[in-house]
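Below you'll find the structures, each written out as structure tokens.
After this come two complexes, each holding subunit A, first together with subunit B and then together with subunit C.
Coming up: the complex of A and B.
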């Protein structure tokens, strides 16, 4: 049985990880595109319009990738997690179906109009279509987070004798205390990714001494959006999420923070260390005393239950992976604040465009916000284990009873091969767009 | 309430087959009949401008099915595991074929994506037809062999084929001679539909040739329809009961045959949009007739040990369904507004539209 669900989990993890490379850019980038388009309407400087259209090309490739890798996610609920779908479909089906109706249609119809319809519509309508694309992509994020929030902290349900979850209160799905912090945190994180992408392309142009006018614009936009969003990412939204985990999933909180033993007076915050699951301790630990208690409860001496307070079956199933995911996310988030803070400082002193070491750093840091976004999601998903619906439905109880592991491995291998190809094509196409640059040219 | 959602979801899926159906058909025409670069480009464009909006109907239909009939969704998606995942892969190849073709301007690159678009469209049309065939034929619910059930009564698992390739086998597979016939009907119908779309939306040089292609395909479709109706009686002897009990359901087959007979006069019809409406009627009538013959069953059981899945034994409870009706209607109205806006703004031939990336 363990082996059987292994491939189902691996396939979901692989396909969602690959999928989430794309929406995290499109959600944030759509906001930056709307910003450029708005600047163009305000100032009538052609540069802003070209910038908006340039990023729309990158957006379009990402959007296509997001769509084609997103459909397998919806399908997999039914194909690989049939029991979960059967038992909870009456609830999470609501938010997932709303996503289809309220966001995908909005995004896809107005994206086509934004890309092809500028001459047909005039600038104001063109701005509006861009704004609707942004709205659609954020609505999509909101409804996915609403679905996930219910799995993390189920509300508004009733369980029937046959084990089915039945919706009892629709509005509870949206007033779920888990939802808003998770949504804001997620959207800001996607804005960080987009800011880095914009700034990184800017740094590339400035360093290469090509399209420098645009390079400078992108750098300015990227680092400004980047600093604001990475600050808000840590506080208040990151902080709110951590408090939610501490409150609603205390076992996961202990595991992700790496607290093996409960300390009497105040918990330390672990910066570095490797979990040793045999001897139940952290190796090579560097930690600061009492900070975790203060951050979580604003009380230096508040006791925080460690993993020793929970039964084994209440603890997440893969504690090292959870611990590392969380620490990588937090570590990277801190680095982003530092780099973007530095960049804004140099921008303010008018030295950013000539300070090459910083430009090189910004350019090469671009994969890291992606890693931070994905490890952030791993933290949420590994932290929820061993449950699909926290505290109520185990992951092993949600798998399709009728699909053999041989079939799942077959499709997993297929997805791996196909996504390798997609990944290569994606890099080629985005590379080509960046190489061509934002200045309009005939081809 | 179940009936209401059944109708809404059927309409959403029918619209998916009508809208994305012309893209599949366009791909098939592109594969076999487009010869010059100019034709290939404009035909790709006539699909490429619209595919993602059309595909959302599939996603929305899937989502609504999940919400309203979770047990059915779970049973069907896991039971048809392999064919569904293969459909996903084909959808990916179709999409990247359309999107990536114009990204580089050299022949080899374009050829790769033309084939990717054409072949996957052909296979998608075939697979969706086969899927409909499976729903009409029914499956071995509970996976019963020699009287022993492998799963709970509402689960099943179909291999791609059974060595007999027969719909009458105790353990039928996804592909058998009956579902292949339905698959071929789907390919021919969508090819006609796609040809009508090309005539409507482009000035390609093959437009005149396509009219006689449609005429020949209509003869073929008529022959296949007659065959399928005959063999349907063998596969499911009760298939006409619903039409006898509720004579008003005859309206669906009438829609189908109106479209089909209308297409025989394709060369006489002056307005391209009328031709397109005729093939739309064929798709709409075909799907609704099949569903009407089963109602309220949505997945028949091929044996007596487990009862068929119906809209009543797979639906989510009343409260959820009625809440969803509120937002569902608002959502569908919005979608209709988008569809009309998009069609208004992108009306006319696509040849001159800017499709450079």
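Coming up: the complex of A and C.
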């Protein structure tokens, strides 16, 4: 049984990690495309329109890969997590079906119109199709987050005698206090990824002295969006999320912050340290006293319960992974603010386009927002363990009882091979699009 | 669970079908990126629409072992789905962009 749960979780972790490489770019990029199209309508400067169409090509490749890698997720609910689907289908089925029916179709239909229909529709309608693609991708994020928010903090449900969850209050799903902060934090994080992608393509063009006009435009847009979204990611949305975890999942909060023992007054914030699970302490710790209490409760001396206040079965199952995921996310977020702040400063001083070390840094930092996004999701998911639905349904109760671990391992290996192929194809297609550059077109 | 893998294989075959169609029927090609995207959606659409006739991934794995006849039909349909999507999208594109 332990083996089975391990392989089911490993397979889901692998497929969703790979899948989330794509939606995190489409959601943020759709907003930047709308911005370029709006700039074109406002100024009638052709380069904005070309920029919008260039990034829509990258969006389309990303969206397609997102669709392909999303298919196994859908299957896994039925194959590996049949018990979970059976018990909670009455609730998560609502939001997931809405995601598929409304958001996906909105996004895909208008994406095709945006790519092919510029001449047919004229510029205002073309802008509208771009806006609807943005709306579809963000609605998709919202509905997925509504599903996850219910799993993190279940609301508006009733449990029947047979153990099945049914929805008692539909609007409670969308007014869940977990949802809005998680959604905003997630969308801003995807905007950070997109900003880095846009800025890094710009840096590449400027460094190569190719498509320089567009390179400068992409850099300017990327670093500006990047600084604003990085700041908003930390405050208020990151702060709101942390407060939610402290309020609704206090054991997870203690684990992700690395608080093994409850301090008498005022909890310190740990910057660096390695969890020692045998001696239940952090090794080589660097911490700032009382800050965590202040950030969480605006009270320097407020006590925050440590892991010693909880029973073992209430604590997350993999505390080191949770702790490291959270600290990597926060650490990278801080680096993003610093880099983007520096880039905006140089932009303001009119030196960004010629300051090569910073351009190289922006270009090579592009994988890190992806890592931050994924470790952010690991924090949320590892923090919820050992539950699938927090406090109500354990992970061990949601797996399919008849699927062997060997079978799961076999399909996992198959996914790894096929995803490597798809990943390679993705890199070739995006690389080709970037190499071609934005194609200037005359009307 | 192997039917999940079959679904992914169908899509990859659709991508191959679309790109081969693009190479052979040059006037219909959408470029490698466009052909690939068309291949994905074409294969999904055709398998989802007609797979219930008996060659969808669930039917292929129905008795716990692979039915190679149904798998061959599935692969052929996926290939055709990709190829047909390229032609249809190019025709649609031409119609939408007619001066």
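By definition in this document, the second predicted complex is superposed on the first by the 439 of 443 C-alpha atoms of A that agree within 3 Å, B and C clash if a C-alpha of one lies under 4 Å from a C-alpha of the other, contacts with A are read in each partner's own complex, and residues count from 1 in each chain.
Methods note: contacts are C-beta pairs under 8 Å (C-beta built on N, C-alpha and C of every residue); 3 or more make two chains touch, one makes a residue touch a chain.
What you are looking at is a predicted structure, and each value in this text was computed from that prediction instead of being measured.
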* On subunit A, do subunit B and subunit C fit together or clash when superposed? -> clash
* Asked: First (subunit B), second (subunit C), both or neither: which does A:358 touch?
  -> neither
* Now for A:99: first (subunit B), second (subunit C), both, or neither, which partner does it touch? -> first
* Asked: Is A:403 touching the first partner subunit B, the second partner subunit C, both, or neither of them?
  -> both
* **subunit B versus subunit C as contact partner of A:292, first or second or both or neither** => neither
* **Partner chain in contact with A:64 - subunit B first, subunit C second, else both or neither** => both
* Asked: Does subunit B (first) or subunit C (second) touch A:51, or do both, or does neither?
  -> neither
* Asked: What is the contact status of A:133 with respect to subunit B (first) and subunit C (second): first, second, both, or neither?
  -> neither
* To do: Return the chain, subunit B or subunit C, that is in touch with more residues of subunit A.
  => B
* Superposition clash, subunit B against subunit C - the stretch among 92-100, 146-154 or 218-226 that is involved -> 92-100
* **Set of subunit A residues, in rising order, touched by both subunit B and subunit C** => 57, 60-61, 64, 67-68, 71-72, 75, 79-80, 108, 116-117, 119-120, 403, 407, 410-411, 414, 418, 422, 425, 429, 432-433
* Asked: In the complex formed with subunit C, which residues of subunit A make contact?
  -> 57, 60-61, 64, 67-68, 71-72, 75-76, 79-80, 108, 116-117, 119-120, 403, 407-408, 410-411, 414-415, 418, 421-422, 425, 428-429, 432-433
* Asked: So in the complex, which bits of subunit C are touching subunit A?
  -> 1-5, 7-9, 11-12, 15, 32-33, 36-37, 40-41, 44, 92-93, 96-97, 99
* Structure fact -> As the complex stands, subunit B meets subunit A at residues 49-50, 52-53, 55-56, 58-64, 66-71, 73-79, 81-82, 84-85, 88-89, 91-92, 95-96, 99-100, 103-105, 143, 150-152, 155-157, 316-317, 319-320, 323-324, 327-328, 331-332, 334-335, 338-339, 341-342, 345-346, 353-357
* Structure fact -> The answer for subunit A against subunit B in the complex is residues 57, 60-61, 63-64, 67-72, 74-75, 77-80, 82-83, 85-94, 96-102, 104-106, 108-113, 116-117, 119-121, 166-168, 170, 400-404, 407, 410-411, 414, 418, 422, 425, 429, 432-433, 443
